[in-house]
């Protein structure tokens, strides 16, 4: 493919004199240092980011101290005197992130399991692009969807929607639970009674599960959703956005678990589900946790979706788990207030946003370290086995 | 546990897994369906005669004769509307006149009565009652007239919104007032508003909110000369507006007019292209060089571990923090431009995608079989020569794939450009202007139009069109990457 | 050889001149989202008359407009409030002399969903709602629904006007949703039956119901005459009075022309002068 005369520049002999060799080594050293310099630009970039965000964040802490910022939920930067209690905003970020994780992690890990162990190769090849497309869609498009399509839907038919979801998720789980429980409960009975006992217990459990689900559905149905832009909306959309990350990283982790482990488990007579739950998932645990962490990072740092979908009310909802209330997150607060804070004047109102950015940065840095540690551990474990 | 149960659990697990995949695909579908369907509405819609007139007058496009012929047709169909309106106005004026007449008469009569002092009490009281009755009647008529007039004002306004200003009246200053509804779907909404009045009715229970009731507007004009107007408008709406299937591909290449009411999204598209290409300009050389260093030169050790950690950290920095950093560093400290500019935005975006480029290039370079390099080295090439002439060309398709995917990411990012590059209105820039000037860009303008525009509802089609364009742009880039990758893997296998 | 040099020089000039021209003939407007529609329409009208001028409009809030003017990064700052003391001081310290052009008058309309039977609120009730003292519509004669309060970002000009004219020192309660613009407030209110919000008069349309405040309905007359209690002038600030005859001068004085007033009226604001 490449002709040999291009490989050796013309006029250069293959036999090198001592001097030429030294020159060449020197040249390559210089070249390498230049390469290293360029590569270290990412180190520089990170340091610069920390420095410049920190530089504008420190005046805030100097002027206002730490206490109010981290412990008070009284956010009133335009007041006289202003109040800079960001607790409610931290809480909003945490709430939306937890919500998104609740959506993304079970779904993502299940999908990853399905991709790595259940689906045949040909179908997997078809599903992968779906996930890639989901990963590629710009966040502002998701935000637009959340605001224009999903929020009105949630506001008008939210109760019914939630009830449906409850049935859809709870129904199959309940069936499975009833069967397993009735089987376990009758394990101690003598052989002859077992079938009858299973039937009876199963019936009772089924009725209980059905009534429970029905009550849950009624509860959801009766919910009055006053505003469609709320923590729930932001959580669901964010969760869907974080899904591809969770799926692809945990799938990698699952793939990295060798065939030997799986085959050994099958050889011992385990079913696929048992193999997955008892062998594969524990082996891939650190990789999966890295996936979860990366998903969480995606949710914490996302701006447009939460800005458009969360309602931006800077308060801790009452009760605290009320996902139907509007909340405000750090990212949305920065985006919304930054444009308007009087920057040139170096006011606390400007610097407080940098303080928030610094917190975001610190959190994402910590999460990143955590995920790296998890990945590192999983590699070591794999190698050990 | 019984074998049957274990099998059932196994099946359940399989079902759950497949269910989650189905849910994932369904989520994608639920998201894409409205975007695609309504987004296409920006390109393909039923355009009315007002649309064709606007295109002809403002953009100089279309067949003059055909449009004039159609216009004549539409004017003919609209004539009765204006005739009925003016007839009704005359009726109102007549009503005023006769009311004034009656008032004059009433005042004269009252004066007359007061002059007659010799009347008996009974008679006097009767006369007074009669006068009061007449006064109340006059008041009622006056109120009725005022109500009719108010209804007429609203009706005329609505008709103006539907059909544009009445021929012969002064031309309004805003484009949106100069023409009637250009899109048949919007026209139907307006038509509905003309035919029905949205009223809100109290419920018996004061704790309940009022309910929306549609009352035919014709009710307000019952018994007047205007009553036939409503059936006429209802039956002849198509004749008045002549909707026709219209393809507006130039939505992509027209600039916007009248705050995005008309025209297309070219400045936004161009801005996005500049920002993306600008970001690639900075990120690609740095990213590829870094990848070469990491794969070919660096020895695994402390330094590389640190490098990788920092690259991962950079990848994890929230995008809004990049925006703040771009503002604080590129604009306020480095002064690369006096204020927001494409240049500052590109640099900020470049930092954001740098880790992506590095990782993708690294992977591509790593995938080049070691035998290539060994062969080159054994032929006496120096290491950098081997990298330059053998490894890079072999890795190029893979590197390009990574670049294309990062381009998609850069094109869709909003948060980093809010403070560094994006404005709501601006005209398309020349490349040299991009250094110092800010630009509209698709992602930012989607946010802007969806939340900050003064008529959010009336330009939904533009918003959807923008979202569709952006999503398609990104997906096309990704599709290209997927195809490229498929080719590479085929080649590697062969 | 000479020809080559000529070519080089002209090419260099060709490269440079557009840059120079571009620098001279652009007007950067930054600031309030309330003044945004006016600025955008002015920009378009002005560009249609002067195709060689590029007018860019950012709507990032009054505070940012002031900041940009102080930093010299914009030519005209559109603001829905007057400049504050510290902004003036910062401007003067940097050698910028802000000059105010009052382009229009705007009333802050209190809007609710049309399904709400409440027609009238006193200023005190309005304040109590946002302070969180009144939590349910039934307390002010409406349906039994808990109030969804929609407000603006704490440093938009609209918010500051609201704060000084309505809140008068009281604090807005934390559960108020905040949005980035007038259009967003209206969009929220028109889709939420239990909501209340405040927007510039120009943003009131058929989909929302403006309330009378202290018995006075907001409209052009009551706002222009100052009878309506929540009204304010809208400004364009420039650094010094722009040099006569420059594009900037033409742009910021558009509001004095008949066309300019027509534009202002067409998008729902009240012109400052009557023709």
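Chains: A, B and C, in written order; residue numbering restarts at 1 for each.
The criterion applied here is as follows: a contact is a pair of C-beta atoms (placed from the backbone, for glycine too) under 8 Å apart; a residue touches a chain by one contact, two chains touch by 3 or more.
Since the structure is predicted, the reported quantities are computational estimates derived from the model, not experimental observations.
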Would you say B-C or A-C is joined by more C-beta pairs in contact? B-C
Which chain is most remote from chain A in terms of Cα centres? C
Cα centroid separation between chain A and chain B, in whole Å? 29
Determine the centre-to-centre distance between chain A and chain C, using the mean Cα coordinates as centres, and give it in whole Å. 38
Measuring centre to centre with CA averages, how many angstrom lie between chain B and chain C? 21
Going by the touch rule set out above, which residues of chain A reach two or more other chains? 307, 339, 343
Can you tell me which residues of chain B touch two or more of the remaining chains? 451
Residues in chain C with touches to at least two other chains are numbered 71, 145, 179-180, 194
Chain A touches which residues of chain B in the complex? 1-2, 5-10, 12-21, 23-25, 27-28, 31, 34-35, 286, 289-290, 292-294, 297-298, 306-307, 309-314, 316-325, 327-329, 332-333, 351, 354-355, 358, 376, 379-386, 389-390, 393, 405, 408-409, 411-415, 418-419, 443-444, 446-447, 450-451, 460, 463, 467, 470-471, 474-475, 477-478, 482
Chain C residues within the chain A interface of the complex: 60-64, 66-67, 70-71, 86-87, 90, 94, 145-146, 148, 153-156, 159-160, 163, 169, 171-180, 188, 191-192, 194-195
Okay, in this complex, where on chain A does chain C touch? 73-80, 88, 151-152, 155, 226-229, 307, 311-317, 325-326, 328, 336-337, 339-345, 347, 349
Of chain C, residues touching chain B in the complex: 15, 18-19, 22-23, 26, 28, 30, 33, 36-37, 40-41, 43-45, 47, 54-59, 68, 71-74, 113-117, 138, 142-145, 179-184, 186-187, 193-194, 202-203, 205-207, 259, 262-263, 266-267
Counting only contacts in the complex, chain B reaches chain C at residues 172-174, 177, 193, 198, 200, 202, 206-212, 257-259, 338-340, 423-427, 430, 432-433, 435-438, 448, 451-457
